[in-house]
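Chain naming follows the written order as A, B and C, and within any one chain the residues start at number 1.
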Amino acid sequence: MEISLGKIAELVDGKITGDSDKDITGVAPFFEAIESDITYADNKKLLKRISETNAGAIIVPRDFTCDSANLVQTGDPRIAFAKLVDAFFPDMPLRKGISSKACIGKKFIHGDNISIYPGVVVGDNVTVGNNVVIHAGTVIENGVTIGDDIKLYPNVTILERCTLGNRVIIHSGTVIGCDGFGFAPEGEKYYKIPQKGIVRIDDDVEIGASNTIDRATFGKTWIKSGVKTDNLVHIAHNVTIGENTLLVAQVGIAGSTTVGRHVIMAGQAGVTGHIKIGDNVIIGPKAGIGGSIEDNQIVSGAPEMPHRLWLKVSKILPRLPELRKKLKEIEARLCKVEEDK
Amino acid sequence: MEISLGKIAELVDGKITGDSDKDITGVAPFFEAIESDITYADNKKLLKRISETNAGAIIVPRDFTCDSANLVQTGDPRIAFAKLVDAFFPDMPLRKGISSKACIGKKFIHGDNISIYPGVVVGDNVTVGNNVVIHAGTVIENGVTIGDDIKLYPNVTILERCTLGNRVIIHSGTVIGCDGFGFAPEGEKYYKIPQKGIVRIDDDVEIGASNTIDRATFGKTWIKSGVKTDNLVHIAHNVTIGENTLLVAQVGIAGSTTVGRHVIMAGQAGVTGHIKIGDNVIIGPKAGIGGSIEDNQIVSGAPEMPHRLWLKVSKILPRLPELRKKLKEIEARLCKVEEDK
Amino acid sequence: MEISLGKIAELVDGKITGDSDKDITGVAPFFEAIESDITYADNKKLLKRISETNAGAIIVPRDFTCDSANLVQTGDPRIAFAKLVDAFFPDMPLRKGISSKACIGKKFIHGDNISIYPGVVVGDNVTVGNNVVIHAGTVIENGVTIGDDIKLYPNVTILERCTLGNRVIIHSGTVIGCDGFGFAPEGEKYYKIPQKGIVRIDDDVEIGASNTIDRATFGKTWIKSGVKTDNLVHIAHNVTIGENTLLVAQVGIAGSTTVGRHVIMAGQAGVTGHIKIGDNVIIGPKAGIGGSIEDNQIVSGAPEMPHRLWLKVSKILPRLPELRKKLKEIEARLCKVEEDK
């Protein structure tokens, strides 16, 4: 594929300095690009080394100039670049329609332009919108409702009555709507508490591979709009995840916890049940959160503490043997002083 | 659905105070219930606030009384409530029989009243009992034996020769009988130790979504009766899990470890291999267990320690910078004292 | 099955002391073996107790002798035993050919002796070599290339354009080539960075159950030859894993990190992004690695530290309350000394 720099500038709402007729045939990272590629530089470090890329053109911030290269000035070079990647690597063409090797239940209602791949199984009373792609091996159970512009990767499982909004992406191996882990002790045994609620996933959510999102006991487990989860994330029953929150790989959130909007939880963090994580909170990797967190806090560690404090604590931990030795030495000196009195 | 309070009392073996003819149409949590719902209160906190629920009837402990509401007195209100949830939310009707879009191997032996959904693949020499439901996309390999009253959710995998008892539930994405992680070093390379044992799952076990339970090298990995696991739990080869043990989400148990009965492991805990966890042990969230634990202990932390000690330690951790400062201050004062002698 | 000791010695390149005509009918661990079994002893502890096994023959190191038992002396008894396990427990016979209930895309190119099971879905332009087994429910997307002597267990997902070398085993539930977790902030929202690279898996790799291995943003996520992963391992985009590295269960590795050769990461360890782990590094269980590690180091803890130091630190942690008390006591004594001056 060949796109002229002029056309590229249009695509990303940018301004050209240099040769607008130049043809670009690919995209590549800064140090890997060749003469026919476009790349981007969005931080001072790279902008200083602008002469070191072999790219034929560079997307830069609006206020950056340089005579020796073809530039496309934009508001956000990284997002502009992402748009170009989509332009240069269009998705492979889809099989259109419903495969004869898919198995569709009764009362299936669907919009236009859907792609249902071989080996998909759809239950009864399922509704899907326009531009829905359901890849091979995915199972949709009875009563599920799915919006427009959806991509379900292969081997996804969406269980009874769960709902998906618009522009939702769900990666392979993920299970939406499995039972919450609810049991009442009955002597040494456990009696299963029926899990009758659903999972509701709002617009613009992307769920990574092999996540498990439990249905609510009653009501809903709720993933609000713009949430993005990485792989192997566990979200328990009756949890709410606020808008535009990021959950990094292997995070686990226990039942009935409410997570605010625009939160970031780093990898392998764990959050206990029945607490409230405020808006804009950042939780460090491997943190173990045992209590509610106010808005706008950055916390780390297990048990959690303010992140700056954790940085100090984590520097002292490897020095504990030294500290202990020092304490013993001081005690010995003190004994001597006491004796000498 | 409408069930009279009299009928409800029968279902849960309870005694009514109030209007036994009252019709109930739903179940709901204490603060969400409306006039046509029944709810429950099983602790002092809720029982004190009994006037604050709008529920038309309340399930309470046998010794609780109150004139202003319709009560159903029972032995265990939570379990009684769970039974009513099942009554009010019956499972969706099942497709009966073996779907023509399932694929069944040779010498399939099965009991009465089975439901095998489209897209299921069953290998050769598989035996299943009565009232077995196998949902779409689930794969059962050769030689698997399955008891009565079983529910396998979609996209489960049960590998060669594994066995399931009666009343077992397995949630989506779970893999039973994958190879144990066994390799012998051969220079810098590794030679695969064949994994020829099985996984044996006993009666009344419920396995959460996306668990991985490895087959034994020889013999069996054994999940004893009444065990319940949450999502994304890993159980390695030759592990034994005792009766009525709970494993919360993202727990990992390494090879050849024996876990006692009625144990609870909280979320993200990890247990090393070749050790013994006693009966009735409770292991805290994110704990890292490096050695055997006696019966009836509560442990937390990594490395593990008695839970009460861990609570103290975890309060000191954020104060380490302060402690270090104090130590320095004391040393300075001691120096002064020494000089002044 | 019956194999004479003479034949066994041939199979494992060993030398017999004792009865080479003796017939062996099974393999078993040292203390479980019966008279018709062969077992092995590869360490001093077992070799001292050689008279305590009931096995009819014992595989031992080349330099070990003993008159009272039939011995097979070999270079590596454990590997010799593993080979015998394979001989006594041959894999169940495979369905040969492509099942009529599999669904194969356009331009499928394949070698000899392939087994494609019912319910498999293969996309367009897929190439597989000789002796390839693809079990039920596995999905291979467009443009995937797979070498010789491959075993894909049920319900595996291999996404667009990924490549597998020769002698690769992938266990059930694993997803190869899901999107990396890449988003650019756009106000409070996130813009998806397209993930256009692939996953490349080299020869002799074994990937455990329910792993998630992300495709690169550009270029490749690269699993080099001889790597073995346990279950529920997460490998993010643009990661490279060096030759013969072991990743134990529930390990997570963040984006763009490079792991050296012959590394071992123990269970539940986590590694941050954009760092370099040297060759022959050993990382302890639950370690949280925040920075690059030089070759040949053994590290543990979160934050990571040399393993020997971690052992000391982990012994002091449970004694922190004691240390704190001691510090208070010393301060009180010091005050007294100061007053008495």
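Note that a residue touches a chain if its C-beta (ideal position, glycine included) is under 8 Å from a C-beta of that chain, and two chains touch if they have at least 3 such contacts.
Here the structure is a predicted model, which is why all the values come from computation and not from measurement.
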Classification of the chain A:chain B interface as same or different, half of numbers criterion: different
Rotation angle superposing chain A onto its copy chain C by C-alpha atoms, nearest 5 degrees: 120
Cα-centroid distance, chain A relative to chain B, in whole angstrom: 27
Per-residue multi-chain contacts in chain B, two or more chains: 119, 137, 155, 173, 210, 232, 250, 268, 317, 323, 327, 330, 334, 337
Contacting residues of chain B [partner chain C, same complex]: 103, 119, 121, 123, 137, 139, 141-143, 155, 157, 159-160, 173-175, 178-179, 181, 183-184, 186, 188-194, 196, 210, 212, 214, 218-219, 232, 234, 236, 250, 252, 254, 268, 270, 272, 288, 290, 301-303, 305, 309, 312-313, 316-317, 319, 323, 326-327, 330, 333-334, 337, 340
Touch list for chain B against partner chain A, complex: 27-29, 32, 76, 78-79, 82, 85-86, 89, 92, 99, 101, 117-119, 135-137, 153-155, 171-173, 204, 206, 208-210, 226, 228, 230-232, 243-244, 246, 248-250, 261-262, 267-268, 285-286, 314, 317-318, 320-321, 323-324, 327, 330-331, 334, 337-338, 341
